[in-house]
Amino acid sequence: MSVVAGKELRIVGFLCNWCSYGGADTAGVSRFKQPTDLRIIKVPCSGRVDPLFVVRALLTGADGVLVSGCHPRDCHYTDGNFYARRRLEMLKRLLPFVGIDERRFHYTWVSASEGQKWQQVVTDFTNRIHQLGPLHVKKENEG
Amino acid sequence: MPDTGYLPKEKVKDFMRELAKDAVVYAPCLEGDTVIFRPFSEERTLCFDRPANSPPKSVIYPQSEQLFAFEYKKDPEDHQKMSVELKADTNVPGMVIFAARPCDARGFTIYDRVFIDTDTPDPYYKKRRENTLIVTLSCAEPSPGCFCVGVGGGPAHKEGSDAMMTELEGGYFIEPVSEKGKAILNKSMIEDGSPYLQKAQEAQAKAHEAVKNPFETDKLKISQDLFNNDAFWEEAVSKCVSCGACTYLCPTCYCFNITDEQASGKGERIRSWDACMFFHFTLEASTHNPRPTRFQRFKNRVGHKFVYYPEKYDGAIACCGCGRCIRYCPVSVDISEIVSNLTESGQKQQQTAGSAKK
Amino acid sequence: MAEKEYAYYSGCSLEGTAKEYDTSLRLVMKTLGVKLAEIPDWSCCGSTPAHTVDHVFAAALAARNLAIIEKMNTHTVTVPCPSCLTVLKKAHIGMTTDESFKNEVNALLDEPYEGKVTAKSSLQVIYEDIGLEAIADRVTHALPDLKVVAYYGCILNRPPDIAQFDDPENPVAMDKVISALGIEVLDYAFKTECCGAAFGVPKRAMVNELTHKILSMAIDVGANCIAVACPLCQQNLDLRQEQVNQTMGSSFNIPVLYFTQIMGLAYGYSPDDLEMDKLVVGADHLIRSRIPVEEYRKMKEAEAAAAKKPAKAKEMKEEPKETAKAEEN
Amino acid sequence: MSTEKVKEAIAKILPDVETVICYQQGFDGLHTTPLFIKIPEEINGLIWNPLCVQNLTSYLPSIKKKVGIVVKGCDSRTIVQYLQEGLIDREKIVIIGVPCTGVVSVKKVLREIGHQPVAGVAFDDNGNIVVKTSKGDRTLAIADVCPDKCATCQYPTPIVYDYLAGDPIKSDKPKESVHEDIRQFDEKTLEEKKAYWEKELEKCIRCYACRNACPMCICQDSCIAETREPHWISQKLSLTEKFMFHMIHAVHLAGRCVECGECERVCPMDIPVAKLKKKINTEMKELFNYEPGVDPDGKPPMYTFNVDEVKIKEHKL
Amino acid sequence: MRVGVFICHCGNNIAGTVDVARVAAEMRKLPGVVYATNYMYTCSEPGQEEIKQAIRKEGLDRIVVAACSPRMHENTFRKTIEKAGLNRYFLEMANIREHISWIGEDKELNTNKAIEAVKMAVAKVMNNKPLYSSSFKVNKRVLVIGGGVAGMQAALDCADGGLDVVLVEKSPSIGGMMSRLDKTFPTIDCSICILGPKMVDVVQHEKIKLYAYSEIDEIKGYVGNYQIKIRKKATYVDWSKCTGCGACMEKCPTRNAYDHFNFGVATTRAINIPFPQAIPKKAKIDPEFCRQFTKGKCGVCAKICPTGAINYEMKDEIVAEDVGAIIVATGYGLFDLDKFPEYGAGRYPDVITGIQYERILNASGPTSGHILRPSDQTEPKTVVFVSCAGSRDKSLGVPYCSNFCCMYIAKQAILTKDHIPDSQSYVFYMDIRSNGKGYDEFTRRAQEEYGAKYIRGRVAKIYPKGKKMVVRGADTLLGTQVEVEADLVVLATAVISAPGAAGMAEKLHISYDTFGFYVESHPKLRPVETNTSGVYLAGACQGPKDIPASVGQGSAAASKVLSLFSKDMLESDPAIAQVNINACVGCLKCVKTCPFQAIKEEVLRNGRKVAKVIETVCAGCGVCTSTCPCGAIQLQHFTDNQLLAEVNAICQS
């Protein structure tokens, strides 16, 4: 089992429980159609997202990684997304240095009420990843 | 057929190409400033003038190897029933280790005792070992930190080699050691070696002279008192940072770890090198660690090589004196110095120095 | 202070029917220390029927000019005519936000437009870039008789996402500029009412009615002069007054001046310099009282002294215009 | 000259401290190795020359007793960073600072002399190192064989110290030059950069010398490169896992790397691992105007935030 | 490990676009999964029963339910498995409805995505550990923020239920917007007459501690144990001495102070009591206007005050209160006239807002209940009401309906006719929204009995013409443009969130929508709860609401607090951070980044420093876990290994 060959690419999404996961729910409740590539992992807060999760995903098979949290100042845990913003921005700037297109990693803020924004984010990001095509960082060199 | 051979320098590559016809030929290649054993190919730059940064041990004993792959399978009739399917790939191609140093080759003899000369030989190691021809190149001069003569070896010591080359002005004098080694003399590029025998012997003797024996004796005698004295170790290796450079670069270190990696019901069992210098090496499931400190781990490394292994294998020292652990140590810890301090003569010096302390 | 430089896109009206707008604008800009750089080989902005027929073609007409400007020293162009401005800005915005539109338009052009030009109306340049303080600093003459309402017309500030300047419903830039000259500006509710000019030919009766409303509201609030910033507005309100009077039974005789002409008057240029003779409804009666500011101030001081209000004298010095207004009331 | 001053300073502080960490001659002329002085007699073993490269401060967090330490300008940044992160107690450390005009990269010397065994080393008064080998002497300008960090060194004089052995030196290297190599590398295409790292990291043998020598790698025995709980990476020697390990190292050093270059110096396979961390430092400077190990009152940027981040713009899709 | 997987059809909601049978079949092939089935409504009673039975019969020890969002039913299923004897944290949900069936169109892709989503959940659940709540004591006091009708109702209900209540109101008097209204629809009873007694009840209730003219400075803690800092703003009048006699106000020489209570319809004195029925009825000085502050001399009030209550040196005072729950009733705000340049943007005195007109109508208002227009204090004969002034207008950022304007316009039209029998009212409207009890009848009365002329269309422009205001709009029913010459124009300006609503939400850690209104837990089923436990919403802070709805929510919020406090101990969420002291290296970076100061340093017996989580304070965000370089502090239920299992399930398949 894997993504449907030719139609989908692997996109991993880390969504905070309070805002973005809710935003994705809102989009669903409103039946806002979206591409199907994204696989969502729920985290309590974008501050829980260790940049290394993103690295791990990109190195082991993901073609794109999306992180979404509450809007700055609107974090359920007050400051979580402020830390996330710094860490993820650091990562975004590091990725191209090691040859990974930073466009494969996107972080954004979507609130629980922004179903439409979520639809837009998923659609645009998925389109972007399809434009970039599959990522082949993975190379197994058995020593 | 002559007993020895001679390979003119201009024919070295031809010779390697010839060998590569039915084997993967691993030879020391230059990458930047680093010399690494790589499968020989035309675009690589060969480097024979100094020992490789890492020995060729991974050719026969890979740093990580899949012992087998497994997959959980459900019974299509009864999903409650599950079986595990195992797959082990034991295919090993013919391999040649070319231009390794005598010490590197000698290292494999230390592994052989553990992996082959036992009631339950290790099939993975055995197969690779048997499929590998080792052609060494004797050392013309010592490298920084090396001390093969102190541990029973030498720059032209033949133990572990299938054949040995000795560099002369225009080419390499070749001495077969094993039956496997003899076969290479048949290759078309190899000329009769007998005219070069004397020169080669001279070169080998000269090289032997140049290597220092830090222990000043052929018969190492470790002082048990000192060896079991924690204070000695604490003092001796307080600078050690406990990394694995020494063990991973060592041609005689063979400790390993076995781990399972699994996702979505499939996975593999991996054997990978481990290093006794790591905290996790002896970490127990209970979280207790019998060797929590660096000096305890260092003591184990020296102990394994100079005490425990010799005890088990008729006095054979598990060190080939290649000097890599000294050369590449981040903090220049010198195992030869530590071992000579551990000998009974070294102990005496220590005591005189120690009495001066407060 | 380094001279400010702008590319100057006069457009066709200012070459013809609105020549006086061009003349007065150039004089005012010179006074304000602004250099207007001619755009070599400029062409029609596209504010022709083109935009009702083919958006890409209309944008291409505008973008040709933008592409020329892009090659000039300055990348900011000032445009007196609101019609030209709208078309230029619309092309710019369309091409900088929609990549495929940009490609379509550029396919029609010899030199592609990359999207580096900022277009501003001349009013915006004067109001925002030069500022009220600088405008007031250069006043040489007072115009005590003038009671102005500012008429902005329908497209100077609209649609807001294209114009990106001032308030689309209640613009104030022209009011503030003229106020800064020391001239009385009256609050006027019909600043952006439609004057119907676009239908001047096919629906004359309707246009007369609309124009009538605008003019009568100006009279109602007590104005004796209308300031405009658009060639079409000027033409419609000025030229059509007689027609309105005839059909609607009114008797309007209210001059309609370009705001730049009013500025020119305050900066001491003669009515001839400003080509005031081109007005259909003349403004001579309003200009007669024009007097150098110094003299005007002294006169007012004397008046105040005569009125024996010594306490007020101080304030008068600081704000002579305010006082003048208060006394008139 | 400095050697005598350093010895003097050590003699002075030795009664107050358990041990003084400094340098002694290593197994050959090119190598020095740490010396832990406990009694005055041992002071004679000390050497001080441009081969004293190692950043000794990495021993500090694990030592509980009061110690003295000899540091160069670059090494002192580690101490500053430790202080920022509360990893050491300033009261328990006596710092002997030595102004430094640049050290010698052993790897570069070996490259110059064709990896010959070294018989001996001497330094002349003109900033040269003279290396004796069986094939004769070789004189090299230290400036030509210094580690990259020395070429753009901004802090030749230690930032913190209790005793300064020598006169303070000001840096004559332009500040912009510090991250120039990173900027240049970044200009390569993504494919080039990817190929570069794949080639370099493929050499990694996961000996963790880079990690264990790194003064800021505080996890050491708890490093997630080896744990199963959490189980971030496997023991497989694949490129992916090697890549992952070095990304872990880099990310964990974000905003903390003091650019001592130890990771790169100690790598037995000559992998330029310091580059990854320096890249992040370049970004930390750009994003937060933060430079690790410079200001004892500074706050590592990854452990704090601004509600309004001036330099972080929202990314559009 | 024996995992059971339950795939829900959700009627056709999921089964319509996901092949649920195939998902279940695929799951059966998965190692570890010993049972997988699909069911019509898993959340239904029989659906839950099936899970329980399967747990017993198949010996399941981990459960995955693939259904709707866990935000919807996670708790339901946690309880289900708990009843069957499993730890509630042995449940994982795969959201195959909101995130899959409802958003994807291609059944094959949806089914594949669902299979992967369930695999991820299976991978995670196999890493789940049993977690157990611990209980902690509750402080049974409640803080009510906002003393409008909703806050007052909540405070009274809580107090009557035996709770100690702290009521904080930012203006000098409680009463809120309702105290400004003249009459209330649809009964036309006097607003203050029905509110006044409630206000008195509040101030006299022994269980209610009122802080008027105070604001919330800081909120710390968690459900059951909040620490509040309240800023008592300086009134410059010692309220313990002030008797509310009003002598100061009478003598104050500053007569042009802005009258907040009357929304600027009139002016007031620099020292003032906002309105006659104010509670508390105490004076306060407005330093922006007071001569003592602006010019440095005056002191009239200090001289006149019979009790010597005036204190010009007074400073803000911070007081601390500890409570166990919070009810937020911060009300709403209104659009300013300056939002409407086409209506004069406030330049025309006779164009006013609905709430201003309310004050003009009010007998205790500035005109003593005589309708006089502001410009010349004459009686208007023609009054035009413009509804939706800003509301339902995307371009002004208010796409929503302000809920009660239609009704108060009708009321004001009726009252206008009552006051001035020969007047004529016009109402420009978009739609008449009168969906409450007796509401539609009321708007009809305004038209049929009171002759208000309703014109369906929007107003394009308002401009002065002589003494009249010309209102130009469209009559969309007639399809023409209309102009009405009015004496007075009343704009029903849009209801917006209260000023400072966002800042308050940040202090409370609750979320707010794009417009600043607070977001409830569930729009239908949890309308007064927030996502932060212990914080409840009442009234218009959640969205525009009329009086009965606000009062209803006030009571509802109170009942939530009362039921929360019905237990002496609360259970803590065990999904919090936990330190593995063997791995912890004591770098304490987690202490630095914890947003809740929930981690402290602990010294072990062997002298080693490690981090320690204060269980009751930890909110479970996981910032520490992603800060910790050695993975020693792990947020339970979202550990590195759990998330990595999910990543691996996606990436390594």
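Labels A, B, C, D and E are assigned to the chains in the order they are written; within every chain, residues are numbered from 1.
The rule we apply is simple: contacts are C-beta pairs under 8 Å (C-beta built on N, C-alpha and C of every residue); 3 or more make two chains touch, one makes a residue touch a chain.
A quick note: this is a predicted structure, and the numbers were derived from the prediction, not measured.
The chains that touch both chain D and chain E are A, B.
Nearest to the global CA centroid, when each chain is reduced to the mean of its CA atoms, is chain A.
Taking the CA centroid of chain B as reference, the farthest chain centroid is that of C. Inter-chain contacts peak for the pair A-E, counting C-beta pairs in contact. Computed centre separation for the pair chain A/chain D is 35 angstrom, with centres defined by C-alpha atoms.
Averaged C-alpha coordinates put the centre of chain A at 51 Å from the centre of chain C. Each chain gets a centre from the mean of its Cα atoms; for chain B and chain C, those two points are 89 Å apart.
Note: centroid distance chain B to chain D, computed from Cα atoms, is 30 Å. Shown for chain B are the residues that touch two or more other chains, namely 62-64, 264. Among the residues of chain D, those in touch with two or more other chains are 220-221, 227, 232, 236-238, 302. Touching of two or more other chains is recorded for no residue of chain C. If you check the complex, the residues on chain B that touch chain D are 31-34, 36, 49-50, 53-54, 62-64, 141-145, 238-239, 241-245, 247-249, 257, 259, 261, 270, 272, 275, 278-280, 324, 326, 328, 330-334, 336-337, 356-358.
Within the complex formed with chain B, the residues of chain E that make contact are 28-34, 36, 119, 123, 582, 645, 648-649, 652-653.
Residues of chain E touching chain A in their complex: 26, 69-72, 95, 97-100, 102-106, 108-110, 112-113, 115-117, 119-120, 502, 505-506, 509, 511-514, 519, 531-532, 575, 593, 595-596, 619-623, 625-627, 635, 638, 640, 643-644, 646-648, 650-653. By the touch rule above, chain A contacts chain D in their complex via residues 51-52, 55-56, 59-60, 72-73, 79, 82-83, 85-87, 89-94, 96-101, 106-109, 120-121, 124-125, 128, 137-143.
Of all residues in chain D, only 64, 85-87, 218-224, 227, 229-232, 252, 302-304 touch chain E in the complex they form.
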